[in-house]
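Going in written order, the chains are labelled A, B, C and D, and every chain counts its residues from 1.
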Amino acid sequence: MSEILVVENIDSGYKDVQILWDVSLKAEEGKVTVIVGSNGSGKTTLLRTIMGSVRAKSGRIMFDGNDITKWPTYKRAEAGLIYIPEGRQLFPDMTVLENLEMGAYTKRARVKMKENLEYVFTLFPRLKERINQKAGTLSGGEQQMLAVGRGIMGCPRLMLFDEPTLGLSPKLSIEIFGIIDKLKKEKISMILVEQNVYFSLQIADYGYVLSEGRIVKEGKGEELLASEDVKKAYLGV
Amino acid sequence: MEALLAAIITGLLLGMVYGLAAVGLNLIFGVLKIINLSHGAFIALGMFGAYYLFQYFGLIPFVSVIPVFVVILIIGILLYFIAIRRVMGRQELSTLLITYSISLIIVGLGTFFFTTNPRSIDIPWESIRIFSVYIPATRIVALFLAIICTFLLYLFLYKTWIGKAVRAVSMNRVAAEYMGVNSHVILATSFGIGIGIAAIAGVVIASIFPFTILSGGVYELKSFVICVLGGLGNPFGAIAGGLILGLVESVLSLKIPVGIVPFIEFILLVLMLLVKPEGIFGRR
Amino acid sequence: MRRILTLFLVLFLAFAIGVSYAKDSIIVGFTMSKTGKLNAESDEQFKGLKIWEKYVNTQGGIYVKSLGKKLPVKFVYYDDESSKERVQQLYARLILNDKADFLISPYSSELTATAAIVAEQHKKIMLAIGSASDSIFNKGYRHIFQLYTPASRYLTGAIDMLKALNPRASKVAIVYEQTNFATDVCKAARDYALSKGLKVVLFEGYAPGTTDFTSFINKIKSLQPDAVIGGGHFADGQTLAKQLYEQRVKVDVVSLLVAPSVPEFAQIGKAALYVTAPSQWENGVKYNEKAAKKLNIPWYGPSVAWFVKEYKAIDRSGKEPGYHAAAGLAAGLVLQRAIETAGTLDANAVKAALEKMDVMTFYGRVKFDTGRFYGRQIGHEMVYLQWQLKGGKLEKLLVWPPEAKEANLISYKKNF
Amino acid sequence: MTKKYVLFWLLPIVLLIALYPIVTDNFLVRENIFLMLSYIVFASSMNIIMGYTGYVSFGHIVFYGIGSYVGILLINNLHVHFVIAVLCAALVAGVIALLIGEAVLRLRGAIFAIATIGINEAVKSLVANVDSLGGAVGIFMDFSVYDSYGGPDKALWIAYYAMVILTVLTILVSYFVRNSKLGLGLLAIREDEDTALVVGINTKRFKSIAYFLSAIFPAMAGTIFAFKSGNIVPDDAFHIVKSVEMIFINVFGGLGTVSGPVLGAIIYEKLKDYLLTNPTLKDLHLAVSGVTLLLIVIFAPSGIVGWFRERFKVVRGVLE
C-alpha cells in the first residue's frame, strides 16, 4: 500500500479566521478516501488547502513523495492533483470542448488529450451532443458532468471531488455516483467530500469525519457507516 | 450624399484604428480586472517607436509594428512582475494609482528625452480614390493593419493554449489555477499584450497624424468611451465600439459643430455606465 | 517645527540680500517655448531676441541718462513648455525672484494674455511679440505694448486675394484654432468677408492640439466654398494644409495663419504648394530711411540686410528669416529706444516714451494705441506670401498687396 | 475611542505657515503658500469622499472648474462682490454635486472612477463650446474689476486671506465629519457598503452628503483662483491632472485621516517647488513624481500618517 497524499497537522483558514485545526489524513493510491462532515465543518477549506488556493498556516502536505506545502496551485495541478471544485467553477463563456481542453492544459495531460476526450465522451455522451455550446448555458447536471469530465482530462494522479452532487436531483446524483464508481474501478485515486454520507461511505475505502475543523473520527468506509456516532449525526437514524 | 459617403468611409477607417487603440485596454480590464491608466502612455511610446525606427532605420511604420510590439510586450511582462503584481487584489485605488504612476514615469521621461514638440512621420504616398472620396493611402494601410492585428489577436485567444488560458483566467482565475495554469504568467502576458496592442495602435496613428508624447491621452479617453460602448472587458467589443465611435464622430460632425462631439461622447460614456454597463451588445 | 523656522530664516535672508545689489545690467525677462506645440515659432522669435542682445551689447549696452552710463542687457528666461499653466508662475518668478526690469511676452496670444495679467498686477512693462489678438488690449491693461499688426487687420487680405483671383467667388469657409489669436483674426476676417458680399458657409473652431481635420474637410467638401481660410499656429496649420491636399479640396485660395510663413512649412512637400499666409514681415520688404522720411517719422536701428545677415549667421541652415525672428529683434529695438528716450529705467517714464513713440525700423512702422485699446499696435502693416515653385524648389514669395509683390498669385486648384 | 487631539497641533501649524507671508510681506513666499493652502483644501475635501467613504472621484476637479466659472462670471460680468461670488460658487457646485451624485454614486469602484472622468471631460467640452462662457479661449477678467478692491496688489492679498479662511474651514469640516455619526457611517460604507446598508445606515444619503461636502470647497477655491489669476480657460480649469494631485496628496499623507491630507499637501508643495526649480530635476519632475507615487503605493499604502501610526501606537489619537 502506498500513500499518494499525506496531510500532516495542518492549520489553515482565511485572513484572521482559522478554520482547520491540526488536521492529518492520508489517501492511498487507487483508493477512494471520503471526508464527511456537516456544513461549515471545513471540508472545502481542507480541499482548498490541499490545492494551495488557501495557504496552510502550519503543517505539511506530501504528494507523491514531494513536500508540496509551499507549491503554488498550478504546480500541484501539473503534478496530477486535480480538483473538481464545489459549484463547478466552469469557464462559462467557453464552449464545452474548450472547457475540456482547459482541463488538459498541463503538459502531462496535453499529450493524452485525444484519448481522454474520447473517454470523457463515452462516459458522458450528452457532453458530446453539446460540444460547441457555451458552458454557461448548460443545465446544472450537465455542468457537473462537464466539471467531472474536465477533471478527467487532466490525467489525475489524485482527484479531489468537492460536493459533486450538491444541488442536483436524486436521479442525477445517482448518475454522478455511478461515474465515480466507474472511476474507482479504473483504479483512479480519489478524495471525495460529500454531504451525502450514506452513498459516499458506501463507495469509500477509507473515511474521515470532520467536525468544526478537526478530524474527529476515521476508519474504513463500512466501519464508519456502521458507527453509532455517524449514524446519529449524519444519517438521522 | 457624397459628403455622407465620405463621412461614412472616413469614419469607418478611423473607427477601426480607434477600436484597435482600445482593444488592449479592454483585454487588460477583462483579464486583470484593472483599469490601465498607463494605456495612453504606451500608445505614445508606440508613436515614438515608429518615429525613431523611421528616422534611423528607415522602417516604415507598417513594418515597425513588429519590433515595437515585442519590446512593449517584454516591458509589460516586467512591469507586471515589478509593480502590478504587488497590488493585485488590493482595492481599485491602488491599481488605478499604480498604472497612473507608470504613465507619469513614461510621459515624464518622454518629455525629457523627446520634448513635447510635435513630430510626424511623412510617408510620401499619394491618395487613393474610392468612389468619389480621396483617402490617403496611409490610412488604408492603417485600416488593413488594424484588421490584421485584430485577426491575429483572435487567433491567439481562440486557437492557442496560452490564449485559451488568458480567456480562462479572465472568466475564473482560481479555476484556471486548478487546471494547472500559472495565472501570474498569464496576467503578465495579458498585460504585455494589452499594452503591446496599444503601442501598435500608436504606430498606426503616428503614420497618419502628427503626435507628441502627450497625444496618447486623447486616445486613452476615447478608449474609455469605446470600451464602455462595446462592453467592458471584451476585446472584440472594443473593435465594435471603435467603429461606432468613428462613425458617430464623422457623421454627426457633418451636421453639428465638431467641437461639441466630445461632449456627446462623454455624456454617452456616463449614460452607458449608468444604464447599460455591459455595453451595447452585452448581455446582463 | 525647527525645519520650518530654518526654512523661514533662509527665505528671509534670501529676500534681504535680494534688495541690496547694485544695478549693473538691465534685466529683460521672458519665457519661451523650448518644448511643446509652439516650439517652432518660439525658437524663431528667440533667435531675433538673441540678435538684439548681440546688437545692443556690442555697443556696450543701452545708455541710461539717469545713471550716466551704458548698461548691458541681460536675458533671464525659462521654458514655458507652451503651457499657459506654467506662464503665470514663471512670470511671477521673473518679476519677484529674478528682478526683471522689463518683460518680453512669450510666443502666442494665449500665453501673452496670461503673462500680461501678471505683468499688469506687478506693473511691469511687457513688450508683446508673437501675439496679435485684439482682445488682450480691451482689458484695461496699461503696461502691455504690441508689436504685431493686430488680428483685426490680419487676414482681411485673404478675402481681397480671393476677389482678385476669382471675381465670381461667393463662398468662404473659415476653420480656426480655438485660441485668442485665431478666434480674433477669424472673426475679423468673417466680418470683412461679409462686408465684401461673400457668404461665410462655415465658421467653426477646433481645439488646440487637434491633429485630425477629417471631419472639417468632409464638411468643407460638402459646402464647396471658394476659399478656405483660418488655422492657428504652426503645428496645426501644417497638418491642416497636408490633409486639405490629401483629400483634394478644390478651392481658389487656401490662406492659413502662421504655419506657411514658418520656413519648416516646406516639410510637407507638394501639400505646401500655393498655400498663402499673412505675414508681419518678409525678407524683401522695403523699409529703410527713405521710407521713414516719406512718412516723416524717425528711422531707428539696423537695416533689413544687416538683420538677414545676422540671422543667417545664427541659423546656419541657409533659410530666409521669417517674421517671428524679425519681431524678436524689433521688440528689443523698441525697448532700447524707449529707455534711451526716457533716460531712466523707471517704468512710468519708459511707458510714457512708448506712448509717444512713432518710429520706423527694419521691421516697419511702430506706433501704439493709447485709447481704449491701450498698447495695441496701430503703425505696422501686413504682407502676404505664397508657396510657389521657383526653379523646381519650393519657395515663399510675396504676392500681396499688389504694390509689394515679388510674384503673381496662383490659384490653389492648380495643384490638382 | 481615544480622545482626538489632532486639531490642537494641526491648526496652529497651518496658521503659522499662513501668517508668515503676512508678517514678512513677502510676495514670492505668499505665492507658494497660497498654492500650499489650496492643496490642503483640495486634498482635505477629496479625503471626505475618497478617504472616508472609499469612492475614488477621479474627475473631482470638475467642481473646481465649475467654481472658477461661476466665480469669474459673477465677478467680471455681473460685478458681484468677490465674497458673495465665492459663496455662490459653493452653492452651485453643491447642487450640481447632489444631482450628479444621485446618478453616479450608484456605481462602485473603478466604474465610478471612470464615470467621474467622463463627467469632467463632458463638462469641459461643453464649456469650451459655449461662446457666452468664453468658449475654448476662456474668460479674461477686465482689469478695472480690481479697482473696486483697491487695485491689483490689494486684490492679490484679498485672495490670499480668502484662501487662508477657506483652508481653516475645510480642515474643521474634515475634522467634524470624521468625528461624527456621519463619519462613522461613511467609514462603514468604505469598509463594506452592503453590510452598512444591512445595519441600517442610509448609505445613499450619507454618500450624497459626503459628495456634497467634498464638492463645495474645491469650488470656492476655484473662484479664489480665478479672481487671483484673472483668467480662466477650460483646459486648465478641468485639468484631470489636478484631480490626480488631490488623490496623490491623500495617499502620500495618509488616506482617511484628518491630518494626512494636510501634512501631505505641505510636503507635496515643497517637493513640487523643489522639483520644478531644481535645474537637474526640473525636466524630470513628472518622472520623479511617478516613481514616488509608485513606491508609495507599493511600500507605504497608508501614507505618512499611516506609517507613523503603525510604528508608534501612542500617537494614534494625535494623528487621526
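One rule holds for everything that comes next: contacts are C-beta pairs under 8 Å (C-beta built on N, C-alpha and C of every residue); 3 or more make two chains touch, one makes a residue touch a chain.
These numbers come from a predicted model, not from an experiment.
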> Relative to chain B, which chain has the most distant C-alpha mean position?
Replying inline: A
> Taking each chain's centre as its mean C-alpha position, how far apart are chain B and chain D in Å?
Replying inline: 32
>> Suppose each chain is reduced to the average of its Cα coordinates; what separation in Å results between chain B and chain C?
In response: 38
> With chain centres defined as C-alpha means, what is the inter-centre distance between chain A and chain C in Å?
Replying inline: 79
>> What's the distance between the Cα centroids of chain C and chain D, rounded to whole Å?
In response: 38
>> For chain C, give me the residues that contact two or more of the other chains.
In response: 178, 205, 207
> Residues of chain B touching 2+ other chains?
Replying inline: 111, 257, 259
>> Show the residues in chain D shared as contacts by 2 or more other chains, in ascending order.
In response: 128, 136
>> Dump the list of chain pairs that touch, please.
In response: A-B, B-C, B-D, C-D
>> Quick check on the complex: what are the chain B residues that touch chain D?
In response: 34-35, 83, 86-87, 90-98, 100-109, 111-112, 221, 224-225, 228, 232, 257, 259-260, 262-263, 266-267, 269-270, 273-274, 277
>> Taking the touch rule as given, give the residues of chain C at its contact with chain B in the complex, in rising order.
In response: 34-37, 39-40, 81-82, 178, 204-207, 209, 211-212, 214-216, 218-219, 221-222, 235, 238-239, 243, 246-248, 267-269
> What residues of chain D sit close enough to touch chain C in their complex?
Replying inline: 13, 16-17, 20, 24, 26-29, 31, 128, 135-137, 140-144, 152-153, 156, 229-231, 233, 235-236, 239
>> Using the touch definition from the top, list the residues of chain B that touch chain A in their complex.
In response: 161, 164-165, 167-168, 171-172, 174-183
> Which residues of chain D touch chain B in the complex?
Replying inline: 50, 54, 56, 58, 103-104, 106-107, 109-111, 113-115, 117-119, 121-122, 125-126, 128-129, 136, 244, 247-248, 251, 255, 283-291, 293-294, 297-298, 301
